[in-house]
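Handing you a structure now.
We call the chains A, B, C and D, going by the order they appear; numbering starts again at 1 in every chain.
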């Protein structure tokens, strides 16, 4: 690996990211998958970094899932997106940051389409007007929330309590970064670092002291693939793709996986259990899996938040091995206590994969 | 006093034209940007189909044009036409006038690092066809392992690729890949060599024999399918993915060396010249000839002639033939003025 | 083992690094013509067994070189020799087929 | 004539005795082993033939004519014929006459079987017999005959070209020892008998020599050493015999009755195959016969080397030789002994084990049966004819002109006749195809199966069971139509040379009908080698391993032979020959059907 070669490519794919005043849009599914992630984003950006992060309860889905599952036509998606932009315009913002990668891709795709086909944009404006009497300005800047964390990575590093360094050996932790497919594969210039060697997560890992693993199937999809998971008949195909990634990263012995997409951490996490059930194989050390994190969770750990406040107990694969390596203090007994400190009961543990 | 003919570019096209112009009684003046004559060919090792030495070819041409005026490491500051005379100003302060100018600016190799998925400049063992020629000419290259077990060639890197901005076939890469595959097989008989191609275009004299030799005598494997991406394994080997389009199945293989067959793109200098004197650019990005059949060596401007790869991808013999033809065209043009 | 109602599916990806080179080289030795196929497909077009098993020498060779199972293709080969007659590269396809039948299963 | 040595014994007979006993024992054991290797049915067939007077006569006649007189060789090459029959028959007569002498003069010694061989040493002439008696004369006469044969053999070894053989075999070590021993036996016998002639008597050859030797050498001390030498030469020859080509002498005597009894080669090495292998005299006739030996190539792949390698158990070479052969059958047709080279190879191929075997049993033949129904004459063109569509088109056109209602069985979907698999040794798989085709043909309702491809034709004739259905090749069939007046041919000026396809000529014995038929449609010229000696086109499916380049040389050599006829065009009756010749021929190549169609 020639690191300078990558740096050259990274320098070719940089994007302008304004430092403040963002209109924040949540993902449809992240709340359910890893509920603390989005809350941690607002927590870090507002309270730790002191940024203006506007949110409105009136925003809806962007239509991306339905669009990628081939259930609604493009014009419908565009009109939904137009309404989101109208909400932003009404709130007086011009920097738009979605939390979801598919949304980000969806917005990027729609903005590019409108740039190529202005008549389509005009028709969508008309649709929106007819539907809900709203008007919109296109966002001046579009960034994914991971772009923002990337942008503020050094500020986070300055406030860091724990780094991505193995406390016992002093070696950097070996991190697999997994980028959502819709982040830059469609429009490489919309992503930090481009599509082939994205830097958005790698940059965070490097800033926070870790080492990025470049394994052969790095570019491969997590396996979610919308239809592949949602239609049960295809689910074997979904898990097979995830399996392929794990087989490829296995020889590198990663300490953790960091992701920036709603589906990826979920499937990389949950499918490890399914793979272990079906093949008996686990990919971490001593029967554990490889812990999977969202970038907000990892940022939260770096900043010293309590793992259980970050919702890490909701992970299928046990995160404790990584916490131990990083030296994060946690109370094992508190893992399954609710916010009100009531015992939520320890879930049933699988036999095939160790989950603490 | 012999009449000047300015030749832009000191590759084999420019040299061959200069040689012919000397014979015809002119004073050719070669303006070459680099420090030596011979262009790309000077960097090659062996030329197909007879594995003749590229160095010998260039050496011979250099000998033949010893009497010509050559400006090395020189660029054009300006090129202007007044009536039927062109005035050329060089960056070393020299001013030349000439009734005919031959553009032999040739091609530039496609920058393989633009195909990011192949990891040229990122992975340790990815090289280009030009790197391999240089290595065979004796240049050290630590990207080439001492004992590779498996070697891959990717044809059409930056050719026939609209995404890379080049729709044209670079014509020589198929044969070059086969030539280089044979040369590597000769050096590393134990290695498995795979050529990943989209189409094999072995159009020239004895090129097909090359193909059969590579298969029969050297056991080179040909796989129809373009490599889609390259990754690095834990032990630093390359893992490539492609589709075997004849079987319709995805395929992967681990390699110790990957050679990218960078295609030809028009030398940007040609485009700068085109802007200066309003020459036309053809749809393939190369200079547009007055007629692609009958007058490939002539431009739309009187007194401006073309030779070689500035008008499209060419083999060396084609380039030399065009250079000879251009010299004669210039002679006829000057005689008739 | 839990039954989820779905299973890991076998990868359809071919791995050239895992092809049995020794056996393949033995085949090349027994029938050097195996190396020079240019995948024109004449053999498959003329094949008497193609309607029954999809046989084609081109396909058979590709299957072998990529480590795939050739048994189904060969299951209806009558060794009639038409492929030998039409092969533009003069490959002794019958010898090839017989040796494949010997070496592979 | 009286016994000179009272004991009737001298140690010099020991080498001969030992050798003779060894050969005798070896042959007895060999015969027992071979008989044991035969199947029960074969054994029964053989024994029944051996007590049948008709077969006994035939066996004796064949052994006499083939083994002693070498009639076939005489027909082919007079010089070689003389050479072989002089040695074989002369030697035989010496043995017979020797016994006669013992029987007549010393009947008491008849039980000593070395006596006739060394008769002249053990006896002294007395007043009862006269110098120059008839027997003495005959003995010397046959000795001269044998010696003349030996001299010819020596000359042949030096220059086989004088005998019309372009190439001959390279003898192995054992063959050389046997050869030199054989060469030595008769001159030594002459010397020994000459040294003893003043005691035992002699005739025109030995008596003058005796005078000469006595004049120069003076005493009788040379007598014993020459007898020793003679006996040793005999002994060496006998010991070497089982391991050399001379094994063919006893083996052929077993081969002839077995062949006459109708035995076939059914195993690669055992039983009748073993006899065949041992019967090969290594004469090398098959080398010149073999179409593969063009440009001195592939000599070591001829039948003579197959038998040699089988005797040596050299499995690698046996496989190579077996796979390479075109199976054109010319070596067998020209072999003096009748060694079935192609069948030996076929059985060798049949021993191969395969990990993949085709299985045709599940192929649905119903559509093919439906397509085959409708006429009394069912026409089968064969796979190869699809690459020469002019053949089936012409056959059908001729049938139409002759008013023959004919259905084309394999116009669309079809199965191979099975011969290619059969000749590759995949006999069981071929049988599956045979069964499928039998079903189609029988259920078609036809009473005649018309076949244009000789490869298929041979298969249908020999390996199909089609009760009530006449299998006929298109050439005799068309010739019959012409004779019946149902077809009228207009003769053209074009001169054709007819190439006998291997499978039709040597394979099925059809030589004359094509010529007669063609003679009515065009002028005919004959090639240098024709009919049974016709040279394979090189395209044969019989060969498994010959590559394109090697075949190309054979095809060109076969064409050169056809060009010797100076004909304008080539006629043949096989799709494979047509396609193969057409590739390199400098003149048109037409199938018989094409020519007949054009001239009716």
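Brief remarks follow.
Convention: contacts are C-beta pairs under 8 Å (C-beta built on N, C-alpha and C of every residue); 3 or more make two chains touch, one makes a residue touch a chain.
Quantities reported herein were computed from a predicted structural model and do not represent experimental measurements.
Contact with both subunit A and subunit B is made by C. Overall, the chain located most centrally, as judged by its C-alpha mean against the mean of all protein C-alpha atoms, is C. The chain pair with more C-beta contacts between its two chains, of C-D and A-C, is C-D. In whole angstrom, the spacing between the mean C-alpha positions of subunit A and subunit D is 84. We define each chain's centre as the mean of its Cα atoms; on that basis subunit B and subunit D are separated by 66 Å. A straight line joining the Cα centres of subunit C and subunit D is 39 Å long.
Centroid to centroid, with C-alpha atoms defining each point, subunit A and subunit C lie 45 Å apart. Counting partners per residue, subunit C has 32 as the residues that reach two or more other chains.
Shared contact sites, meaning residues of subunit A that touch two or more other chains, are absent.
Judged by the touch criterion defined above, the protein chains form a pattern that is neither an open path, a ring nor a star, and not fully connected either.
Inter-chain contacts, as defined above, occur between A-B, A-C, B-C, C-D.
For subunit B in complex with subunit A, the touching residues are 113, 116-117, 119-124, 229, 231-234, 236, 239. Looking at the complex, you find that subunit C touches subunit D at residues 31-33, 46, 48-49, 51-52, 70-71, 74-82, 85-86, 90-92, 94-95, 98, 100-105. Listing the residues of subunit D that touch subunit C in their complex gives 323, 352-360, 363, 383-384, 386-387, 413-416, 418, 420-421, 424, 426, 433, 539, 541, 544-549, 576, 579. On subunit C, the positions that touch subunit B within their shared complex are 12-17, 21, 28, 32, 35-39, 58-59, 62-63, 65-66, 68, 89. Every residue of subunit A that touches subunit C in the complex is listed here, in rising order: 232-233, 235-237, 239-240, 243-244, 274-275, 277-279.
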